[in-house]
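My questions will all concern the structure given below.
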């Protein structure tokens, strides 16, 4: 069992490592992740939302829909824990 | 579980006093983090966790009953729902004023502050919602996890 | 960003992760996991992700560890692996 | 209320009602039923209207917060997602009639919590179907998962253990998906599905792309319990509270399959996913294996609900295989089967709920002679069984038709044989039960008069959705043609 | 002539399907329930008969129920071939309904409501098969027929019924899903349509190997036709009450199988296509083996109904044999035998049931001397058996004569021998029954108190026997329909 | 050789994340203690978060908080500030992670209540009896 798990882990890891072959170098300012969407946020967020913390701006507004579900996730966790651990009051 | 509370009186006193002193500061800090999320790292979630942590600290130091004197189970339940409700409510409000969901600038029709200011303020509103939700849920999680669901006596 | 620091923290993180999953005492494991989270938080702060670091500091190293400890005290500290 | 916001309200109304149920249901149970049913009825109407509009005007795009994609999150309602919305809302509405009754019996005192999670789950499913953003999909996937973990763990006995296994497997699935998205994000710098589909083929990064596709797909496979990653499903679904089972079993795996279709069609583009023929072939072989194994494992079960969960595993094989046949018929069959299987599973799980409500168990032994006690329930069960076997004109036949046709077109005889074999095994499975229910115990010879012949039918709350679902099985079957022409055919990409 | 779009074919099917509802609802009032059954049967026969004239003029009716798969709707189409089957089925249903009432009441059977309701659904499905406009529709009704007869087969709800029900479904569903469905899909995948078209839809589209595969899949896939080795369900299904055996397993169900094979040979694969691929002999040999083996097995059976069942298997194979000759006369004989055998065999089953009702006897060896107590029944039995054997002046002669002519025309010596030998075998397993009934004296006191079955039983069996006789003298309508079905009038 | 060194220098931290992931993943599927599995899950999640966050890194980039008035004046150099989008995503992921952990801990308590142990082997043993 443990060997199987180890094998699965190694295979997964090897795949992931192999996948990094095509990546741009780490921290390269020219990689697509830094040149496609993020400049828009950095340059326009303050102008469009008056929030200097760009993360807050994106979190609260551009991707507010995600954040709404984030809140719902944590709400769900609370309710799930409550219902899972629920006991009759007499006990 | 009882043995945890069987410390020597002096040690207990030090902990209790320091917690009593710290809690207000932590809470103020939490509020600051929520409110100042626009300008510095932080926001509703982090502030909410800090606020929740203050109650958890109370529960750790004085037992669950004490922490429930500060925030009763009923209040907690209301806050649980209030948080997400604020967030979703703001979103719905935007649609009621003719905008798309979560398009805060539409709220300009409610109080004319200017669309961009409203975006900023809208973010603030939802951060409060997040903060309230996270705070109460964190407390709820702690209560439940540390008491096995009975929510009367803690660790 | 200082790469020596970066590498050092990364090494520590890996060590912490290994310890956390191999230590037999669950309470110890969760404390080590808290340290792991804290190191992560340093790493992120150093990468410029201040918000994420702040969150991880409050959640990962803070509340999450408390939850773990609470749950472990309600159940058992014993682990066979 | 602005009509353009309608698809959002389909989602938000259940979400808000979840909060309201939590708050008000805590005080009095009476609030729960009207709010659950009211908000779901609203969703049903809303999604039907959206469906009509999509068929009329074509794909609708919605930008949350009025931020143009890819900067903001885009919601896309194309014919397929409109279809899924209708499916989800209808199934949820029908299931909740039954759930309300069985939860009242099984989880007294926790009803408000149950229905809070339940409604959020439904909202999450709507969100999954609507979203056009890869990361948003992850968040919603986790919402549906967390609610399901909670719902399942509310069951008695082993439920907690099953739920924990599900948590571990579900997290692995979600994390794999997230990894896939991470790889994609590094390569393309965007998270909008349409945007990814636009950029990805222009990149020259075959290895990373392949890894990204593989991880996202494997993640989804874990979530949909594709054999051999299915081990969590049978326990989880069969030990959940009955009310949760009726809702989760028909929808969760099906929506995940839908997500796979979505991811393949509008994010990774079929051309990229099916680049390597041997991979597609391997997946078809795996699904043929899934079908056979699921069916055979179902044969070994001594409990109706457990048996059904293994059938779900087999059905997942149908759908995955159909997609990876990579031809128009196979894809049509898979999409059709998503709808049909949801309805069939709903029908059968409603029967299970009804029988459990009356007898407390659906082990095969306890089903003896149940035909006499609950004739209408069992009649509906028979129809559901026919659909599962694939007897025309129930809907199960038509999707199977397309799947087999796709298999023939693609020359995948192993898939064809697996499908036919599983139909036969299903026939054995279900007739075994029908026989038990019809004949009862034959221990005491021919004296059938001595069996308990007391009619003890399930309450109307459970019976009416059941009968309606059974009728739907035939109605949907007969309207396969319009369904394909108006909805599914629009989704088949060019060149398929 | 262009087909007329008409709802009447659907009405003919629906009338008994919807009729199941009032039957179910009048659960507590047997008289009302049974009048419903008869009323529905009458309406159905009327509707079917009213469709006849236009068909005889060479026209047809169509009705599309639903568009389900591009190119393959669920569609009803009434043509001459379907009309023969529909006419025979709806006509005999009326007699069977009347007979059922007598039989079920005399034996005081349980769950009669379910019985009559299932019966109504089954006859709907039978008509659906007759009127199906394409293979998919036919398959649909074929499956509905299989499933709706399950409660009838297992009517007794005892261990034996359960075993038989299992066997029945295993054979019927197993073959239809496992063989016929893939065959149909392969056909669709090759031809792009499943419409019944004179001359077939596969001409020039399929290789001989594929055709051979399809022939085998279809022949065995429609296992209701009872071709060996997929015949085992039929004797097993004889645990059902006799009206069920007589109507369903003498007429509706088994003929549905043969009819489906006819449709496939005539309108899907196409006789000429098969001829070119030299596949006729494949069909005829499969059928010939069944004819002989079934007749031989029938000889060894002591149980009356089992003997009749094996006889049925043999006779069904005759029809397939005729179709497999692929010559005009052979196919004509096959179609005619479908009708003629129906009237003959239902008479025999009715008689078997009447004997059981009157004397509770199931085995032939116990039936010594019964003929003197039940002369009408035994006379009818005699007439029926003559028809099956193919003696003039009875209907069966016409069909068997045509079959023989077809074999002669095709110079197929083997088939001629098979036909003659099996006719002798037929005689060999039927005559002893009649002989025992009339000439072997009963054991002492055994037949005390035995008299003719109730009138409800007696009248139908006399009528069907009479019809068998009449069909020899007035076969014109049927012959014309059969010729039209083959396009050779 | 030069290329390999370049490759290592450019991507070494991706590799370390993969190692972390493997540790977490192994703990999830290989460890028999349920709490350990949960810790493994957390490690797995944090490693993914680390991976995402590092996609936003720019060599020499500043934190994504700008001066409001300079930004309004248009004086922001996008290249000098790290990519904020992954941070946003990962905030959400962290929340999801802690939520799942919370639910899992609750479920673990239920399991402990039921079986008195958190070892998978012992639980399975108890189930068989």
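Annotations
A, B, C, D, E and F label the chains in the order they appear, each numbered from 1.
By definition in this document, a contact is a pair of C-beta atoms (placed from the backbone, for glycine too) under 8 Å apart; a residue touches a chain by one contact, two chains touch by 3 or more.
Since this is a predicted model, take the numbers as computed values, not measurements.
The chains that touch chain D as well as chain F are A, B.
Looking at C-F and D-E side by side, the one with more C-beta contacts is C-F.
Averaging Cα atoms per chain gives one point for each, and the point farthest from that of chain F is the centre of E. Distances between chain centres, each the mean of the C-alpha atoms, put E farthest from chain B. Central chain by Cα centroid: D, whose mean Cα position is closest to the mean of all protein Cα atoms.
With centres set at the average Cα position, the gap from chain A to chain F is 9 Å. If each chain is reduced to the centroid of its CA atoms, chain B and chain D end up 36 Å from each other. Averaged C-alpha coordinates give centres for chain B and chain F that are 24 Å from one another.
Centroids built from CA atoms put chain F at 70 Å from chain E. Among the residues of chain A, those touching two or more other chains are numbered 16, 20, 23, 27, 31, 33-34, 37-38, 41, 47, 50, 52-53, 55-56, 59, 61, 63-67, 69-70, 72-82, 84-86. For chain E, the set of residues touching two or more other chains is empty. Shared interface positions of chain C, i.e. residues touching 2 or more other chains, are given as 1, 50-51, 55, 59, 63, 67, 70-71, 74.
Those residues of chain B whose C-beta lies close enough to touch chain F in the complex are 39-41, 45, 141, 144-145, 148-149. On chain D, the positions that touch chain A within their shared complex are 15, 22, 64-65, 67, 70-73, 109-110, 113-114, 116-117, 120, 123-124, 127, 133, 135-136, 139-140, 142-143, 146-147, 149-150, 153-154, 160, 163, 179, 183, 185-191, 199, 204-212, 214-215. Residues 15-16, 18-24, 31-38, 40-41, 61-66, 69-70, 72-73, 75-77, 79-84, 86, 88 of chain A are the ones that touch chain D when the two sit in their complex.
Chain D makes touch with chain E in their complex at residues 386, 389-393, 397-398, 401-402, 404-405, 408-409, 416, 420-421, 423-424, 427, 431, 435, 438-439, 442, 445-446, 448-449, 477-482, 484-485. Across the interface of their complex, chain B is touched by residues 63, 65, 68, 91, 95, 102, 105-106, 109, 113 of chain F.
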